[in-house]
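The structures come next, written out as structure tokens.
Look for chain A in each of the two complexes below; its partner is chain B in the first and chain C in the second.
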Partner chain A sequence: MGLKKLFTAQAAIKWGIPLIILILVGVFPVFHSTYYQTLITFALMYMTLSVAWTIFSGTTGYISLASAAFYGIGIYASALFGEKMPFFLVILIGGAASFIFAFIIGAITLRLRGIFFSMFTFGLVLLAYQVLIWYELTIKNIRGYFVVIQSDNAIFYYLLGLFIITIIVSYVLKRSKYGLALSSIGENENASEHIGVNVTLVKILTFSLSAVFMGAAGAIMATKLSYIDPNIAFDPMISFSPALMATFGGMGNIYGPVIGSVIFYFIQDRLQTGPLQNYYKLIFGAVLVGTIMYMPSGIVGLIQKLQKRISGAKSAPITG
Partner chain B sequence: MQDFLNIVIGGLLIGGIYSLISMGMSLQYGVAKVMNIAHGEFLMFGAFITFTLQEHGVNPLVSIIIIAPVTFIAGFILYRTVFTTIRVRADNQGVFEGNALLAAFGFYFILQNIGVLIWKSTPKSYAFLNSIWKLGGADIFQNRLVAAGFAIGLGILFYIYLSTTRSGKAIRAAAQDAPTAGLMGVNINFVLALCFGFGAAMAGVAGSLISICYGITTTMGLGYTLLAIVVVTLGGLGSIPGSFIGGFILGIIGTAVGYINHSSYTGLTVASYYVIFIILLLVRPKGLMGK
Partner chain C sequence: MHLLQGEKVTVAFGGLTAVSEVDFHVDKGEILGLIGPNGAGKTTLFNLISAAIPVKSGKITFKDTNITGKKPYQVTRLGIARTFQTVKIFGNLSVLDNVRLAALFGDPKRPSASQATKDAMELLEFVGLQKDPNSPARDLTLANQKRLEMARALAAKPELLLLDELMAGLNHTEVAEAMDDIRQVRDRGITIIMIEHVMKAIMSICDRIVVLNYGKKIAEGTPQEIANSKTVIEVYLGEECITGS
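Presenting the complex of A and B:
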């Protein structure tokens, strides 16, 4: 009985979310409300970013603070190539540019163990912002670019497609031997190297892969804005949100970041439009600190712990 | 020649303040093992408290006497409550460092938001000792000289404290091996919190000194944190003398790039820091004086 209950609860977590997404897609054409469409589009963007962030940082423990840099690169790719090329190609360019950029960063920092990676990625947003501002104002003499706008529907479906691809890649990667290599790096990097994992290469490639999705998300979301400049493209909040959402949701499970993003995006939306709009960064920061202090494995971890406790209590007499 | 002299003197003067900021971060990471991404926000608070006190007629140099204890206590309590909890709950050192980094990232947003709420995001500045001395054709801003003197003096004072007193010895023991130091009778939670407090106080005082010389904004913290990160890497993670020397090196490089660039946009200066960072990571990741 206890076993059966556990099974259904796990199944609910495992299959419930894909189901919700499918329903969402099915229902979507019914409500022709721009408000909800925008809301869900942004939620999808945050979900993609969080899942992509977790692919590398969640499993290996190397905390990347550069999500905003990759996202910004995607936005700039869209601004530079949007007129000349079809939308699909622009998204690919955004992803590819982020991949190359992340590969270079990884090659510099991930050869080394420890804190260097986080230290290096922390300032990248500032670097990109300052250099671009300097370039645009002293050499190009015009600040910002105009972006070719796409229809809301196109943005929604491209983003949904990107999100599904991100989830699938994240899931397949976790199940593959590379996923095993990644989590062994997170557990004990020295031991991982001893059993024959090419630690540096695995780290660099995974980091670059996670950047692809962030860049692509940026390239898609840029078409929602008609004008971009470094200030809009490189917002430190975009680095902060995936880390917060993934930590809150829990990084041990693929659905953790998704749950975290959905909850946080809707809270953010409420806060930004309400009387507390000047406080939402403060509230988010406090939630991040609180989460790390009191539930380091996030909501999903908490649920799993409760499940274990309930099922453990029930099965104790049987095993004993 | 005159340009060269201007760059070196200007660089050394601002370098003194950079040294103080970086020593604080070095202490926080080297001993307490917290990569404090919110370091620049303590600095911003120091700067704005000085600004507010100055508006009420308090001499900026006197306000250091208030800011140092306030930021010290804030840092001490922060470590004793938040980071100690994280440390106790973490499975191993790596998990602690990762979680502490994320928590510091959270504090970065909390503190910056509080700063913006209190002081808004418009740039502020005030005049203090703004006369210029001439020395062999080079300009020396009086306020920068005073600020650098204070920063260097505090840095040397702290080094003497570390190397001569009993609690300084405890800090050095904890820096080498915290668990063993704990076994040898050092009250480790107290000493680590002490280090974090000292680091925060150094940031606060540095902020106060910066407000004397330069304009300040509530969003300036990020730039100074980045600078401190580069200096700490340059000097060697956890090496206090290394950070002290690294601050001057970066001060001179930053001033030189700013001098060549002649633009109010600091893109190239930040880029030059990153170039140094990249070279360091490729050639000598343990820094100038690292172990």
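Presenting the complex of A and C:
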């Protein structure tokens, strides 16, 4: 009886609190504070990127730095198709284009392991950037594009919707047998292959799936800017941020990347606008080094460790 | 028809021929022992059969299907499962998930999630690990990790099981238990090829033994024949032992 009560209370916390927060965020634009709405919009964007990034990199341990490339593709999709098509379709195109791009890239690069994979994916961002710069300057002769802008509320709600879908997909995938297979790849890829997992296919498809959400996020966020060019679309920080935020929050649990992005983004915002703006990157770096050295499983990992110490459990629960 | 047959199987790493023109076969229901000094190419031969590395020349057939050039996961689904010389369990996954994964992906019949869990629990019971199925696999002792690896391999419903030094690092009692496990696996109708350095185990449970040295097959026969073979004793103990006695 007591155990059952505890379980339901835990379930209420697990599902109830996020739901309440989500509803609060959802009704936020009604109260209309442009500054905070923009703040939350960006937070949602980072949350989507981090959760999407964790779908592949968090479980398999392949640290992808290609996020900016997928995000940039979404932005360009928005710039190219924004005038001709409804917003919803443009977002789908952004996601689909990123999927295809990621699929091709994945097929070529996912035999690389460790740091080589990370370096290649980051090189990809720079390559896309250079190719577009070259194209725009020498062939098109005009740098950048104008983007059809959307209302702040439209952007806000589309992002919120995208974020919810990303969370749901990430959760369902994690609970499915493919989620288990992804973890096994992260643990020991060779063994995974020998128990019957088609490792290459699982890796490529998941990598591409995570790119869909990044591309869609790019397509939405592009409409917040009236003008885009490769400099804006392929910002390397977009590659690093999701990786850092997810690490900061902890990747063993679905809340990790969400909590990590929120805290990280607000710290970033405070630092960039406050009197410390000149030291922003310095502090940013120190926080990151501290995270990796002292709490490698992130904030969520730290909380779980504390919980364990309080309850005196024999071994840490396996997150799932 | 043999269950598994290799014809002139060869592989080289750079200038070193690790396995050179080895012919071998195993019949259904048999326990085949694979022995030889360190570096003889035993594990390499396992890697070739399980498709971890591609064969350079020669041919391996399993149930009349040519499996050379296949991917490891395809070979597993065809019915060849293996364990590793150094255990490769998924340490941060639960004991149950380790086995469940193999049931979900390796079993060609593609069982449902609940069926896979049931199969996995049954196998954990078989190897004696049913007590704490939800604890992380890394917490197990070495002997139990090896048992887990065997359960995981069995979850793929193999017809042929490759055991790479199952008994290395185990104490006397554990070796005896492992031997018992192997016999029970055979009684389930699964054919076994095992690499082993524990001679007592090899001699008592194998039906037939193949001896490798420097990548070549130097002897083959029943345990009795191998124990008395001059070449084998030479390889293991050196030439002087025989001439000097």
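By definition in this document, the second predicted complex is superposed on the first by the 284 of 320 C-alpha atoms of A that agree within 3 Å, B and C clash if a C-alpha of one lies under 4 Å from a C-alpha of the other, contacts with A are read in each partner's own complex, and residues count from 1 in each chain.
In this section, a residue touches a chain if its C-beta (ideal position, glycine included) is under 8 Å from a C-beta of that chain, and two chains touch if they have at least 3 such contacts.
Computed from a predicted model, the values in this text were never measured in an experiment.
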| item | value |
| --- | --- |
| When chain B and chain C are modelled together on chain A, clash or fit | fit |
| First (chain B), second (chain C), both or neither touched by A:Leu302 | neither |
| Touching partner for A:Ile63 - first (chain B), second (chain C), both, neither | first |
| Touched partner set for A:Leu276, first chain B, second chain C, both or neither | neither |
| First, second, both or neither for A:Ile23, with chain B first and chain C second | neither |
| Chain B versus chain C as contact partner of A:Ser184, first or second or both or neither | second |
| First, second, both or neither for A:His194, with chain B first and chain C second | second |
| First (chain B), second (chain C), both or neither touched by A:Ile232 | neither |
| Between chain B and chain C, more extensive residue contact with chain A | B |
| Touching partner for A:Val289 - first (chain B), second (chain C), both, neither | first |
| Least C-alpha distance (whole Å) that remains between chain C and chain B when both complexes are overlaid | 8 |
| Set of chain A residues, in rising order, touched by both chain B and chain C | none |
| Chain A residues touching chain C - in the complex, by the definition given at the top | 177, 180-181, 183-184, 187-188, 190-199, 315-316, 318 |
| Touching residues on chain A, where the partner in the complex is chain B | 61, 63, 65, 108-109, 112, 114-116, 118-120, 122-123, 126-127, 130-135, 137-138, 236, 240, 243-244, 247, 278-279, 281-282, 284-289, 292-293, 296 |
| Partner chain A, residues of chain C touching it in the complex | 50, 52, 71-73, 76-77, 81-82, 84, 88-94, 97, 100-102, 104-107, 113, 116, 134-136, 139, 152-153, 155-156 |
| Contacting residues of chain B [partner chain A, same complex] | 29, 35, 37, 82, 85-86, 89-90, 94-95, 97-99, 101-103, 105-110, 112-114, 116-117, 222-223, 225-226, 229, 233, 237, 263, 265-271, 273-274, 277-278, 281-282, 285 |
